[in-house]
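Same chain, two partners: chain A is paired with chain B first, then with chain C.
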Partner chain A sequence: MPKPPPGVTDSDFQAALRELENVVGRDWLFSSDEDVLLYRDGYSPLWGEAEERHASAAVAPSSVEQIQAIVKVANQYGLPLYPISTGRNLTYGGSAPTYSGSVVVDLKRMNRILEVSERDKTCLVEPGVSYFDLYRHLRTNKIKLWIDTADPGWGGLMGNALDRGGGYTGIDFRDHFDAHCGMEVVLPSGELIRTGMGANPQAKTWQLFKYGLGPWVDGIFSQSNFGIVTKMGFWLMEEPEAALQVNVTVPKRRDVVPLLDTLHSLMCAHTIPSQTTVASPLMSGGTHPELLRLRASGGASDEEWNRHAAAQGRPFWSATWIYYGARKVIAAQWEHTKDRLAGIAGIEFRETASYTFPLTDQQAEAVPDKARLGIPSLNLFGSRNAVGAPPSEGHIDFSPMIAPHGEELIALSDLTGKIYADMGLTPPFVGGLMFHPRTMICFHAVPTYRNAQDNQRTRRLFESLVRSCADRGWPIYRIHAHFQALGMQMFGFNDGALHRLHETLKDAIDPNGIVSPGRYDIWPQRLRGSRA
Partner chain B sequence: MKGYAELSLVCVAVTAPLGPVLAQEAPFPIAAWSRTAAGVEDRGAAVERGAAVFNNWCSACHSRGPANAPGTTSLQFKYQGTIPAALEDRQDLTADLVKFFVRNGVATMPQFRKAEVADADVDALAAYLTRPR
Partner chain C sequence: MPIGSSVLPQGGRIANRRDFLAGGAAFATLAITALRAGPVQARALARPFNELVSGPLLIVYDRRLLGSDAFAADAAASGYSPLGFDSDIAALWMHEIEPRLRVPPLAIAGFTSSATLFCLELLARDYGARALRRIEQHSSATPRLTPLMGAVSGAVTAPLEPVALDAGQTGVSWLIATDRRRRAPLAAPTTDDSRG
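And now, the complex of A and B:
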């Protein structure tokens, strides 16, 4: 027997469920305990604890009209809804609602690829379309366009874009929200809007020109709860003639300063077109006692670090990226890059993979670093990676954002290492991804478990990381649903003026507060006492 | 440390040119689905529905691999060769066991919802993985 959402009587809830069943049919309303539990956050940092977020029911519509009908029922009964697209936003909350008792609106069944234009290099998709789905469609139909995929290929284009996730290919594509062009939204009132050029039904440029006329509102539908997005257009990358993946290493800790300054410059100049990953081969060394001592110190000298690197025979930093385009152009870009970096003593340059397109299916399967070629996979998953090692059960991502400056990366590494060590934990790897050419996201995964004791420690650690890094000017760009209130506190300029604006918008757009209450800490008037 | 630590290893470990490798036959069986074959709805009667469900939903982790099969790799570490790591090679699976793991997940594998894999598809998957061989 499903438990009604807070503030909704049992009789009203039962009446609402009956009406929802009339909308979607018996097979697509889920209200038994067994079915509703499938909407748990599989990586919840609150697994099994009283505060774990649970849905009260779920409903899986197949059309925009059904969504509008669901919204109407929700407004009538004050039913909180929680729309999900593919529901695979694991590490950031998965398919579980932000506000316990919400009815999940599961949009996975709406999985149609509505349009792909090879001529215009665009697509229009529904919420349930995964990266795998679109990739398969393009391959099957021999369309010479690439997707840009998040690391887990089962994620959806829309959901990842709306949570402002990122990928690996060209700058026009790997910032997934930035790569969208036009959306359709069911507002909390049930009214349907199309943004940008889509507001002109005759326009042939909905997926080509983002802004339309008047205020550009698309941004308010990301990391928010102002509507249920039902269609989104995306720009796709034309398959290049070739690609060259490269890797450079530099030997000393402080070498990361000129390395990042130069990479930043080359990315802004579009000489380096792709996401750039900066890692430390030294820190992949795991549990070497000297490595742990240095990581835990919170500020060991460069000389100490460099001695350790030399003793290990490893370079301190490694950077990986990829060029796409005509072979002659790639060669010139790579030569220019080497010229610009040549002043770093001891730098080594490697060409790690070279591709000519199109790839055969077998060649595509054999690509080791798939996401850099827009090939979706689940290769980052895996619960065991050593004999006898305990299985991993989940994780949440800690994602601070820094200026792409070597000094910042070193300082962040020192701070996070100390936080871990002070809690008696092994410090994590620290590196950074330049999804965006002007910032670096230094995320690492914080493990979650299926027991309260370990998860309580994880939550203390995570909160400490969030607060300590924000104090240094490194707030997060995205955060697990349980920590969204904490995350928004880190954006509190002028006594939280931005957050007040969010809630002013919420009250205007969703006066009954039915869509995703609490998501990114935006609460409707009637539930503001629910803020964590 | 799972996901990103592995990413970092991938990024720093690939140092050999891959042109010659790509010119050869892949050194492992390619999963029928993964990223290239048609979905469940397209495969028609010629292929068992359960195999299609497996290819559509499971093979990205559980193909015979070991490349592109993190679930198979994980099970190899778990069982150390005492039983096959690839689910399609197992002969000890029961229908209830298959259904349990689809709906409950295990370790980093999350549960799958009915809007993703309907009960009828889970039944077909169980029939495929427990078929007499």
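And now, the complex of A and C:
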């Protein structure tokens, strides 16, 4: 039997479940232990511990009207809801609620692609539409538009955008929240709103112009709990004539300073259109004793590092990006890029893949780096395949954001390497991804386990990383559900004024506190004294 | 990779477990491989096998794994047309597996990495399908389709349990099938008999 949420009596909970069943039908209310278990966070850093967050039930509506009816029931009984689109973002908490006892509102059944305009290069989708769904729709119908997919690509457009995830193609598309245009939202009151031009029922520009008239409110529905988003428009990338994927390497540690400065400049000038990854193959992974010594030191000199790189015969840094467009334009962009970078001694330039579109199915399947061409894949899970790899059962992402300056990347790698080493752990990946042209996100995966002892160490490590990096000016841009309160503490300017504004909004928009209590540490008044 | 090729065995849909075993598979009674399933999960998921598996059987294999050729040959000898892929099962999911899960029942057998199995279990569960058997494959043994087809007398495996490969292991052979009684967000409704 499902356990009621805190503060809801068993009889009220059972009555609420009966009413929810009346709303969605018997088949779409899930309340057995077996069913509810499927919403567990498979990568939970609290697996099996008392504090692990669990749903009490789940409900899967098929329409906006059903969502409105669910919200009405929740208000009547004080039932906390936790809406998910596909719930597959395992590294940030998956489908498990932020507040234990919440009823998951599983929106996968609302998976209609409502509109695709090849002429305007836009789409309008429901919450359950996955990257797989939209990609397949475009290919099946030979629509010459690309999606920008998260990687792995099994999630949904809306969920990823509302969590402010990123992708790999052009600048107008890979910041997934920024690429949206217009949304429809069921407010906690049950009222339905449309944002931007959608507030004019006759407007023909809902997916073309973001702002409409008056305050632009879309932002408050991302990384938050102010409503249940039921439709979103997105801008899609026109399929280019061609693409060229390139890679450059530089030999010395400090070379990353001019390398990043130049790449940053070229991205802001739109010469380099795609996400750019800069990483150190030399520093990432490996068990060479000298590598471990240098990383553990937290501040080895450039000379020491360069000696190690030379001894290993490996370049220090590697950068990868891709050009899209007409072949003649790509050739000019690449030549200009090489001219700008030519001053770095020892730099090497490579063309790693060249494509002419459209690709056949066989060609698409053979692409090694699919996300850069907007092809959803599950390749990233290959890291779980390694024979002999420690059986970590999952991971959570640590995602500090830095200015795209080489000095910052070096300082971050020194700091994180020492933190790991001090805890007896192998230092992480060194590098970053430029989802956004003016910042770099230096992801690395912190492993989670199915035993409390290892997970306690993981949590200590994660908290140390978050605090230490924030102290240096590198706060995270996104964070796992369990650590959202910690994350928000790092944004505490003026004694937490921003957080107070969030909760002021919560009280005004959701006075009964029914939508995703605690998400990004935004708690309703009634739960502030008992926040997790 | 040929997308859209026929994957059904001769005779198309199969209605019950005996049909599912068609193709010369042994009807052996085997205890299911329990992979770290906690007692609560195992109890909760206990089901009789023969009420779970029906419908067409789709067979997939990862060409990059040692032993995949033997697995595919075994499937072919049993009258199936196995679908190969190279590490990333996303295209097969989009074009072959997921469209068929929308019109259950469906059973899927495979020889893949543990990572691919992990992905498929999570994706398929929204359609009321789940893993019924997992066999970790050692390099000293040849992966085959037939052991997957043996009767299951005990509990099915729990969802979301990781399969970590040790040295000497090459992959996992497994069986996933829809449970017509199972309710899930994207499963056909049990109240609609025409779709059962």
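Keep this in mind: the second predicted complex is superposed on the first by the 520 of 532 C-alpha atoms of A that agree within 3 Å, B and C clash if a C-alpha of one lies under 4 Å from a C-alpha of the other, contacts with A are read in each partner's own complex, and residues count from 1 in each chain.
The rule we apply is simple: contacts are C-beta pairs under 8 Å (C-beta built on N, C-alpha and C of every residue); 3 or more make two chains touch, one makes a residue touch a chain.
What you see is a predicted model; the values in this text were computed from it and never measured.
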Given the alignment on chain A, is it a clash or a fit between chain B and chain C? clash
Hey, is it chain B or chain C that touches more of chain A? B
First (chain B), second (chain C), both or neither: which does A:25 touch? second
First (chain B), second (chain C), both or neither: which does A:33 touch? second
After lining up the shared chain so the two structures overlap, which partner does A:364 touch, if you call chain B first and chain C second: first, second, both or neither? both
Have a look at where A:109 lands relative to chain B and chain C in the superposition and call it first, second, both or neither. both
State whether A:393 touches chain B only (first), chain C only (second), both chains, or neither. both
Between chain B and chain C, whom does A:373 touch in the aligned arrangement: first, second, both, or neither? neither
Which partner chains sit in contact with A:151 here, chain B, chain C, both or neither? Use first/second/both/neither. first
Where does A:135 make contact in the superposed view: on chain B (first), on chain C (second), on both, or on neither? both
Check the residue A:322 against both partner chains and state whether it touches chain B (first), chain C (second), both, or neither. neither
Intersection of chain A residues contacting chain B with those contacting chain C? 28, 30, 34-35, 37-38, 40, 42, 58, 60, 88, 106, 108-109, 132, 135-136, 153-154, 361-362, 364-365, 376-379, 381-387, 389, 391, 393-394
Would you pull the chain A residues touching chain C in the complex into a rising list? 25-28, 30, 32-35, 37-38, 40, 42, 58, 60, 88, 106, 108-109, 111, 132, 135-136, 152-154, 361-362, 364-365, 370, 376-379, 381-391, 393-394, 450
Interfacial residue positions of chain A with respect to chain B in the complex: 28, 30, 34-35, 37-40, 42-43, 58, 60, 87-88, 90-91, 94-95, 106, 108-109, 132-133, 135-136, 139-140, 151, 153-154, 245, 247, 277, 279, 281, 284, 318, 320, 350-355, 359, 361-369, 375-387, 389, 391-395, 397, 428-429, 431, 443-445, 447
Residues of chain C defined as touching chain A within the complex: 1-3, 36, 40-41, 44-45, 85-91, 93-95, 98, 113-116, 118-119, 122-123, 125-126, 159-160, 162, 164-167, 169, 183-187, 189-191
Which residues, counting only chain B, touch chain A once they are in their complex? 1-12, 14-19, 21-22, 25-26, 30-31, 34-39, 60-61, 67-68, 70-71, 73-74, 77-78, 80, 103, 105-116
